[in-house]
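Paired with chain B in one complex and with chain C in the other, chain A is shared by the two complexes that follow.
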Partner chain A sequence: MRRLGLRRLGQYVLVFGVAVTLNFLLPRIMPGNPLALIAGVDVGLMTPDERAELIEQVGLNRPLIVQYFEYWKSILTGDFGFSYRSSRPISEIIAERLPWTLLITGAALVVSAVVGIIVGAFSAWRRGKKSDLTLLTGMISLESLPSFWLGMLLISIFSVQLGWLPSFGAVTPASDLTGWAQVGDVVEHAVLPTVTLTVLSIPGVYLTMRYAMLEVLGEDFIRTARAKGASERRVLFGHVARNAMAPVVTFLAIRFAFSFGGAVIIETVFSYPGLGRLIFEAVSGRDYPVMQAAFLVITIAVLVANLFADIIYPILDPRSQEE
Partner chain B sequence: MSAAEQSIPTTRRRRRVSVADRLGLTGLIIVVLLVVMAVFAPWIAPYDPTERVGTPFQPPSAAHWLGTNDVGQDLFSELVFGSRVSLTVGVVAALVALLIGTSVGVLAGYYPKRLGAILMRTVDVVLILPFLPLLIVLAAYLGRSLINTIVVIGVLIWAGPARIIRSQVLSLRSREYVLASQTMGAPDRWAIMRHVLPRTALLATGTFVRAVSGAILLEAALSFLGLGDPIQKSWGSILFWAQSRGAFLTPAWKWWVLPPGIMILLASLGFALIAFAMEERINPRL
Partner chain C sequence: MSTRRSRLWVLAVAFALVIGACSGTGSEGTTVPDTSGGTETTDSPSPDTTAPPAEPVTVRAAITGDEDTINPYTYISGFPGWNLLMMQYDSIMQIDSDGIPQPWLADSVTANADLTEWVLEIKEGVAWHDGEALTADDVKFSYDYFIEWATGRFSRDLRGVESITVDGNTVTIGLGAPNPAFDQVALADVPIIPQHVWQDIENPGDIAFEIATNVGSGPFKLVDYTPDQSYRFEANSDYFLGASPVDELVVVVFADDAGANAAIRSGEVDVIFERISPEQIELLDAQDPLDISQGPEFTTQMVNFDVTKAPFDDVAVRQAMDLAIDGQDLVDTVFLGAATVGSPGWVHPGKTVYNPDVTPVFDPDAANALLDEAGYADTDGDGIREFADGPMSFELIVNSSDSLRLRLAELVAEMLGNVGIEATVASVETATWEEAVWPGFDINNGRNYDLAMWGWSAPVQANTIRIAQLVHGDPGVGFLNLTGFDNEEINTLSAQLQVEADSAVAADIIGDIQALMAENLPFIMLAYPDGAYVYNSDVYADWEFIAGQGIVNKLSLLPASARP
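Moving on to the complex of A and B:
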C-alpha cells in the first residue's frame, strides 16, 4: 500500500512536470515568433530597443537549458509571470478568477452527486425493467449534449424569453448591493452556469453508481443479508448503496477536476468571470502567458482532486487496502 | 456473481439483448442518414453556403427554410454542408486515436515488463492532464485549420482506447495458441499479427466508434470557441457566429441556435448508441 501510494505520487509529479515542460516548449517550437508567443505582445509594433529589452526580460537570449531551469524556478516559487497585455502580475488575475470557478463547479458537483446517486441507485434496483432502460437511454443521450449549446438554450429560454435570470457575468455591474441582496445577486448569476454543469455531470455519476450497485448486488454478503431476512429497503440502502459509494466518490473527485476544464466552455457562454473564461479571453487576445498560467493552475486542481480520490478510496472501501 | 447470473431466466436475458440492439440500430440509422446528408450535400442544400444569397438576419421563409445569418448566407445550406466537417473531423480524428491507441495498447500488452510500463506511464499522464484546456492551448499555438483540429483531437483521445486494448492483449498473450506459436519459434511480429490483432479487432472497433462520438463533440466545442477552420464552417462554427452576433438573445435562436445543436447531439449520439450496443455484446452491463 505504501509503495502504491508513492508510485501514485510519483505519477502526479510526472504529470506536473509534463505540463510545465509543455508550457515551456510549445511557444518555443511552434511556428511563429517565439517572443510574441511567450510574452503575448505585438512584436511588430515595438521599436528595436523595446524588443531587445523584452527579450532580455523573458530571457530568450540565454541558452535553452538555462531558460528551462529559470522557468521551473519561477513556477516553483509561485511566480506565474506578467501579463504584458493587461500590465498586471498573472497571479493577481488568477486569484481574482479562481473563486468564481470554484463556486459553480462546487455547486454543480453537489447537485449532480445527489441526483446521480439517487437516480443511479433507483435504476440499479429496477434493473432491466422499463424505468431502468428509459433512464439509461436518457442518460446516454445526455452525454452527447453539447455543453455550450445547452447553455445558449438556457439563456434563450430563462433569460430572454422568461426574463427570470441574468444571462451575463457573475454580479450585476455597478450595483452597490450589500448583505443578503448581494448574496442573492451572486446566486442568481450562478444558477444557469451551475445548472449547465450539473446536467453534464449527472450521466457520469448515474452510470458509475448504477454499475457499482450492480457489482455489489452480485456479492455474497448481499445474499447473506437477504437470507437473514433483512428488508429489501435495508439491503438496498444499508448494504448495497453503502458499498457502492467508493467508486462513486472517486468518480466525483475526478469529475470535479474535469468540470474545471469544462468550465472553459460554459464560462465563455455565460461570460462568467472564472478561470475557464480567462483561458478563452487569453486565447482570443493572444495573451499567451495568461493562457499558460491558467492551464497550469487547472492542472494543479486536477492533480489535487486525483490525490483526494486516492486518499478517500481506501477509507470508503477498506478491502482495497489488502492488495 | 455466477449465482446471480444463473438466476436470470433466459427469456429476460433475450429481451435485454434486444434493447441494446434496438439502441444500436437507432444509432446506425442516424449515422447513415447523416452520411447521406454529407455525401449528397451539394444536391440537398438549396444554396452554396459560402454565397450571400439573401438579406441578412431573415427569419425562415419558403426561400430560406432556416432563414439567413448575419451576412445573408442560407442557414439550412450551412447546416447541410456542416455535416461534412463534423463527420470528417470525427472519423479521421478517431482513426488517428485508434492508430496510436492500438499500437500502444498492443505493444504495452504484449511486452508488459519494461516497454509496457513506460507506455502505460505515458497513457496515465495523458489521461490525467486536463483535457479541454490542453486542447485549447494546443489549438491556439497550432493555428486554425481542419488538419490541426484533427491532429489535436486525435493525439489527445488515444489514451483511453490504448488502456482498454492493452488489458485485452494482456490476457491474449498467455493463451495456448500464442504460447504454441512462440514455442515453435515464430517471431513476435507473427504472433501479434496472426493471433493478437484479429482478436482485438471487435474491441478496437467499439472504442473507435466511441471515439468518433467524443471527437464530434470536441470539434464542435473547438469551433464554438472560434478555434476551428475559418473557411470550412461546421455546426460548431455556426453556433460561434450565432453567439458572437447575439442570436441567442433574439427570436432567431429558434432557427439559428437550435438546429445546429440538434445536429451535433444527433451525430454524437448516433455513434454513442452504436458503441453502446457493441460494448454490450463484449461485456454485458444492462
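Moving on to the complex of A and C:
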C-alpha cells in the first residue's frame, strides 16, 4: 500500500515535469515573435541595433536551455517575472484575474452539477421512455451550441433589447460602489457569462450521470435490492445514484481543474477580466512569460484534481480499491 | 480603492448570489443595471427651478485592449494608446482637422531655409497638472530625456537632433540634416513631460509606473485605472485653452469590437474609439440616438509579392496581376462603398501631392495579353499558366483576425484566377502571418511568402515624403520595403525627397515617384478604407473627425474656441 503510494507520487512528479517542459516549449515552437508585443506597434521602425538591444534586455537571446532552467527557477521561487506587454509582475496579474474566473466558472460548475445530476438520474430512471429521449435529444442539441453564439444571443436579448443586464465587464467602470451595492454590481455582471457557461456545461454532467446510472442499473445488486423489497425511491437514491456518483465526481473534479484556465471564449464575448482572456491575449502576442505562468496554473489545478479524484474514488466505490 | 480582503468578501458573497440567480429558484432576478453612468439629466429634479446647475458630462469610450498606465513609456498601441496619452500631455505643435501641424505649446515655430534649425517660442502661462509652470527648460528636458532613454516612437521621432539650446522662452533645435517633416513627425508627436517629475527617473523602460507619475499639461488627468477593465480621466479645469466641455472621460477596455458594438447599442458606452466595420454603419446609424461620423482615411489594403523571386521578379507578371484586380468591385463588395479604390502610385487621391495622371486600371484582357506575350502559357490546359518552376499556383496568406481582409483575399484570388494565376487563400493567425511576411520585423531577414495580403497603418501614408522607407532598395533606408523591391530610379528620387527643403520641388518628385511605382509595382494597392465612427449624440455630439485619428481625439474634447 505504501509502496503503491510512493509510486503514485512518482507518477505525479513525472507528469508535472513533462507538463512543465511542454509549457515551456509550446510557446516557443509556435511561429511568431514576441517582439511586436515588447516594442509596441513601432517595432518595424526600429533600427536593427535597437531591436537587438531589446531582445537582449528581455533575455530572449539566451540559449533555450538557460531559459528553460530560468522557468524552473521561477516555478520553485514563485517569481514569474514581468509580462512583456504591461511590465507588471505576472503573479500580480494572475492573482487579479483568477478570482473573476473562479467566480463565473465555479458558479456555473455548481449549478450545472446540481441540474445535470438530477436530470441525468431522472433520465436514466426513465430510460427509453419519451421523457428520457426528449431530454437526451435536448441535451445533445444544447451541447452542440457554439458558446460565442449563445453568449452573443444572451447579450442581444438581455442587454441590448431588454436592457436588464450589463453586457460586458466584471464591474461598472469607474463606479465607486461599496458594500452590498458593490456585491449587487458584481452579481449583475456575472449573471450572463455564468448562465452561458452553465447552459453549456449541463449536457456533459447530464450525459456522464445518465450513462453511469444505466451501467449501475444493470448490476446484480440492484436486482437484489428490488428483490428484498426496497422502495423504488430507496433503490434510486440509496443504491443506483450513490454508485453512479464515482465517475461523475471524477468528471466534475477535472472540470473544476480546467475552470482555472478560464473560459477563453466566454470571457472574450463578455469582455470579462478572467484568466481565459489573459491566456488568449498572451498567446496572440506571444507573451512567453505569461503563457508559461498561466499554463502552470492549469497544470497544477489538473494534477490536484486528479489526486483528489484518486483519493475520493475508492471511498465512493469501495470495489475499485481491490485492484 | 477597496482593500484585498474586502474584495474577497465581495467575491464570496457574489459567488453565492450568482449561484442563486442561475439556479433560478424563485429569485426575483437581478435589478436593472445603472447603465446611465452620470449622464442622465432628466431624472434628477432640481429644487432650484430657475437655474438648474449644469450636470457634469461623462463620456464613456470603448477601446479594445488594455493600454497599461498610459505614460510615454507604458502606453501600448499607436492608436488609441497615443491618443489617450495626448489627452494628458501636449506637444509643441498639434495636428488640426486637416492634418496640418499648428503651433500649440508654442506661440510660433519657424525653421531656417534648409530646414536644419527649428526655433520654438514657448507659450507662457501654461501650467502642469500639479500647478508648476511649464517652461522652455521642460521642453529641452523632454527631448533630451527621450533621446537618452529610448522609447521607440519618440526617440525615433527625434533622430537627427544634434543640439537643443534654451534662451529665455526660445528653444532652438539643430538637426544634422534637413528634415522637412520635423514639424509633423517630431514637434506634433512628442509629448512634453515635466522635468520636476521625471528628472530622477532612470531606466524608465524597466519600471512599472503608478498613474501618479502622469503629470501632464493636457486637458485631462488620469485619476483611476483598473487593469484590463477601465480608466477614468478628469477634465483639467485650468487647461490653458479652456476646460473641456466633457467633465469626465471613462475609457472601457473591451476584448473585441463585437462587445463594444453591443455596449453602444445597449447604451452602456457613448462612443467607440476604433472605426466600425462597413456592414455596421447603416445598422448603428438607424438606431436613435446613435450617429456616425465618416470620412476618408489613410490606412491601406494591398497585396504583397516576393519581388526577388520568379515569377514576381518579372514586371510583366506584376503588371498583369494589377490589371486583373478590379479595385472598384472590391470597394463595392467588401466595403459596401465605404472606401477609396487604391492608386497604383501608393498616394491617396485625397492628398495634395497625389499625381492625377496615376489612376487604377482594371483590364483582364490586357492582363491576359501581357502574360501571353511574356511567355506564361497554359500548356496543359488546366486553366493555370506555367512559369519556369511549374504552374503559377501560389498561396495567398492573410491574417484570420481581419474579416474584411479575408474577404478581400477571396475576391483577389478569384480575380487572379481569371487570368490564369491560381492563388489559394491561406488564413493564418496574426503572429504567424507577420512572421512570414516580415520575419523578426527586420527586412534583412528576408521573407517567407509568395503572395500575402498586407496593410499599413495611417502614419505610413500620412508622411508621403517618407516614401523611401517603403520602396528604397537599401534595407537601411527602405526598412519597410517588405517585398524586396529595388529600382534605381525610385531609389534616387525617394532618397532625394527625404532631404528636399523646397516643398514645390518635393511635390514634383512625389509625383514622379507615383508614376514610377504605378509602372513597376512594388506591391498592388487595393483600397484605402474609410473611417466610420459611432457615437451617442445625446451624450456628446461635438466630435471632430481627424483622418487617421478617429473622432476621440484631443480636439474633439476641447471647447470649439480652442480648436485650430
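Convention: the second predicted complex is superposed on the first by the 253 of 323 C-alpha atoms of A that agree within 3 Å, B and C clash if a C-alpha of one lies under 4 Å from a C-alpha of the other, contacts with A are read in each partner's own complex, and residues count from 1 in each chain.
In this section, a residue touches a chain if its C-beta (ideal position, glycine included) is under 8 Å from a C-beta of that chain, and two chains touch if they have at least 3 such contacts.
Just so it is clear, the model here is predicted, and its values are computed rather than measured.
Trainee: Counting only touches as set out at the top, which of chain B and chain C does A:315 meet: first, second, both, neither?
Mentor: A:315: touches no partner chain.
Trainee: Per the contact definition in the header, classify A:87: touching chain B only (first), chain C only (second), both, or neither.
Mentor: Touch partner of A:87: chain C, not chain B.
Trainee: Output check: A:223 vs chain B and chain C. Expected answer is one of first, second, both, neither. What do you get?
Mentor: first
Trainee: What is the contact status of A:265 with respect to chain B (first) and chain C (second): first, second, both, or neither?
Mentor: first
Trainee: Looking at A:48, would you say it contacts chain B, chain C, both, or neither? Reply first, second, both or neither.
Mentor: The answer is second: A:48 touches chain C but not chain B.
Trainee: Touching A:303, do we find chain B (first), chain C (second), both, or neither?
Mentor: A:303 sits against chain B, while chain C stays out of touch.
Trainee: More residues of chain A are touched by which partner: chain B or chain C?
Mentor: After superposing on chain A, more of chain A is contacted by C.
Trainee: Is A:152 in contact with chain B, with chain C, with both, or with neither (first, second, both, neither)?
Mentor: A:152 contacts both chain B and chain C.
Trainee: Figure out whether A:9 sits in contact with chain B (first) or chain C (second), or with both, or with neither.
Mentor: The answer is neither, since A:9 touches no partner chain.
Trainee: For A:66, using the defined touch cut-off, is the partner it touches chain B, chain C, both, or neither? Pick first, second, both or neither.
Mentor: neither
Trainee: I'd like to check the shared interface: which positions of chain A are touched by both chain B and chain C across the two complexes?
Mentor: 30-32, 152, 155-156, 159-160, 167, 268-269, 280, 284.
Trainee: Along chain A, where are the residues that touch chain C in the complex?
Mentor: Chain A residues touching chain C: 30-33, 35-36, 39-48, 50-51, 53, 57, 82, 85-89, 93, 96-97, 99, 103-104, 106-108, 110-111, 114-115, 152, 155-156, 159-160, 163-175, 178, 182-188, 190-191, 194-195, 198, 267-273, 277-278, 280-281, 284-286.
Trainee: Contact residues on chain B for chain A in the complex?
Mentor: That would be residues 1, 3-5, 12, 15-16, 19, 23, 121, 124-125, 128-134, 136-138, 140-143, 213, 217, 220-221, 224-227, 236, 239, 242-243, 248-250, 253, 257-258, 260-261, 264-265, 268-269, 272-273, 276, 285-286 of chain B.
Trainee: Give the list of chain A residues in touch with chain B in this complex.
Mentor: Those in contact with chain B are residues 11-12, 14-15, 18-19, 22, 26-27, 30-32, 37, 128, 133, 136-137, 140-141, 143-150, 152-153, 155-156, 159-160, 167, 211, 214, 217-219, 223, 257-258, 260-262, 264-265, 268-269, 276, 279-280, 283-284, 288, 291-292, 294-295, 298-299, 301-303, 306.
Trainee: In the complex of these two chains, what residues of chain C are touching chain A?
Mentor: 2, 7-8, 10-11, 13-15, 17-19, 21-23, 29-35, 60, 65-66, 68, 74, 76-78, 81, 150, 152-153, 156, 205-208, 224, 226-232, 248, 250, 252-256, 258-259, 262-263, 265-268, 429-432, 434-436, 438-442, 444, 457, 479-480
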